[in-house]
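Labels A, B and C are assigned to the chains in the order they are written; within every chain, residues are numbered from 1.
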Amino acid sequence: MGAKVSFIILFMLLIIASCSGKRKQYTPCKSLVLFFHDIIYNGNNAGNATSAIVAAPEGGNLTKLASQFHFGNIAVFDDPITFDNNLHSKPVGRAQGFYIYDTKNTYTSWLGFTFVLNTTQHQGTITFAGADPIMQKTRDISVTGGTGDFFMHRGIATIMTDAFEGEVYFRLRVDIKFYECW
Amino acid sequence: MGAKVSFIILFMLLIIASCSGKRKQYTPCKSLVLFFHDIIYNGNNAGNATSAIVAAPEGGNLTKLASQFHFGNIAVFDDPITFDNNLHSKPVGRAQGFYIYDTKNTYTSWLGFTFVLNTTQHQGTITFAGADPIMQKTRDISVTGGTGDFFMHRGIATIMTDAFEGEVYFRLRVDIKFYECW
Amino acid sequence: MGAKVSFIILFMLLIIASCSGKRKQYTPCKSLVLFFHDIIYNGNNAGNATSAIVAAPEGGNLTKLASQFHFGNIAVFDDPITFDNNLHSKPVGRAQGFYIYDTKNTYTSWLGFTFVLNTTQHQGTITFAGADPIMQKTRDISVTGGTGDFFMHRGIATIMTDAFEGEVYFRLRVDIKFYECW
């Protein structure tokens, strides 16, 4: 009997460990890799542009990113999301929100945006916020919430600049790892 | 004795289920329905206006929402919150933050704002972020944090346009469901 | 044996309490006090300024905060973070993001920003969002996410205006208390 009780207590300790320590494992409960494509309005591409500069520092304008590492620009976007890195692939949703260029001595932005996904595989939204030190190969930002299939999810998104063409087009690869899935 | 031990083990399995599975039930731990009222400054209503356009796309201005589904406008607001749908009811707090119109082919906004509540019933803040596809009857955004009575809360807010008058006044109904309450 | 089983059941009840109630204790799992320093561009301090007004209400401009409690201004910033209240101390990171002045009858802002920390002690980011009623001595905002050493963290940041010089310099003390640490 003593052995049985010992076993029970051991088992209970395992329960305690699994309750309090379940978040220490750092294994994503869900993962997703998506790309989004941003075409900045430059005065001549109204038909194709998916984003626009809407604020600029003193002396700046709304058809050209500001001179000092774009410091002070705010851009609003509604960008197509694709499963692969091809701008012309069928979009699986839209990336909507804004970015700010916020540094004077390097390219750094701050992102606040939402993936609105609408496919047979994924229905719902994922909201992101965080600093994006663009010149680094990979940057981590926070997934602060989700709705629909991503109800109450939280996680980390690793962003990579997958392509960059002049000051008009860039494509970001986003590796989303959810660690809280509900 | 064997039956008792079996019962204990069954009980422990229930504990495990209740620990790891408590978030799968999706029953709100707290709910709240509030309305907020936005009166956009149009050049002639400085006394009543609770929000103002502060950024616009190229060619736009700050007293009229932009022509292409308002794409590129950013508005800053400090709107009264009421318990019912009457603009003239006693405010229970202020909705403070900003919205962005971010789509060129339909009305879609992106919201970042906080409810600052200050009544005998509720003291504290609730912060929201997410995409708002305005033309849909109901839209879910994320409750990303809270303070005071809403310390560390998270949840989902379902937004409905309860009234809309021209381009000057709109009223949103917000059904807040907290699923993480602390 | 009955006593032993009773003890086991009591013990299990404690486990249940510790599982479901662990968040009710409100003891931070990690704390951090940091200062950041904001020098607003006013047309004459381009070399020192760490922030800039990039949006203003109708009639406003980008080198002077707006007249009506700065309502409608958006500022973008990249501010040094220090461990103490000395602007000239060695920075331990950068506070990057934006603030909005969103009230017409008092000084209130809305903050969206990230601490990017890069020292031997702390590597990672902390993202904040919330309303900042500036005239109150202390204000709580939400810590909505983190990366690196602050992976998936959430918490509350208490902000205090530690110094304020005219409309050019202010220093905020930020007491960060994490309640969800991973």
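What we mean here is this: a residue touches a chain if its C-beta (ideal position, glycine included) is under 8 Å from a C-beta of that chain, and two chains touch if they have at least 3 such contacts.
Values in this document were obtained by computation on a predicted structure and should not be read as measured data.
Colleague: Looking only at residue numbers at the chain A/chain C interface, is the share used by both copies over half or under half? Answer same or different.
Modeller: Result for this pair: different.
Colleague: Between copies chain A and chain B, what's the superposition rotation on C-alpha atoms, in steps of 5 degrees?
Modeller: 120
Colleague: Could you please state the distance in Å, as a whole number, between where the Cα atoms of chain A are centred and where those of chain C are centred?
Modeller: Result: the chain centres lie 21 Å from each other.
Colleague: Which residues does chain C have that touch at least 2 chains other than itself?
Modeller: Residue numbers touching two or more other chains: 1, 8, 12, 15, 19, 54-55, 74, 112, 129, 144.
Colleague: Spell out the residues on chain C that touch chain B in their complex, using ranges where they run on.
Modeller: Listed in rising order, the residues are 1, 5, 8-9, 12, 15-16, 19-20, 23-24, 26, 54-58, 71-74, 100-104, 108, 110, 112, 129-131, 133, 140-144, 154-156, 179-180.
Colleague: Show me the residue ranges of chain C that touch chain A in the complex, using the header's touch definition.
Modeller: These residues of chain C touch chain A: 1, 4, 8, 11-12, 15, 18-19, 22, 41, 43, 52-55, 61-63, 74, 76-78, 94, 96-98, 112-114, 116, 125, 127, 129, 144-148, 151-152, 182.
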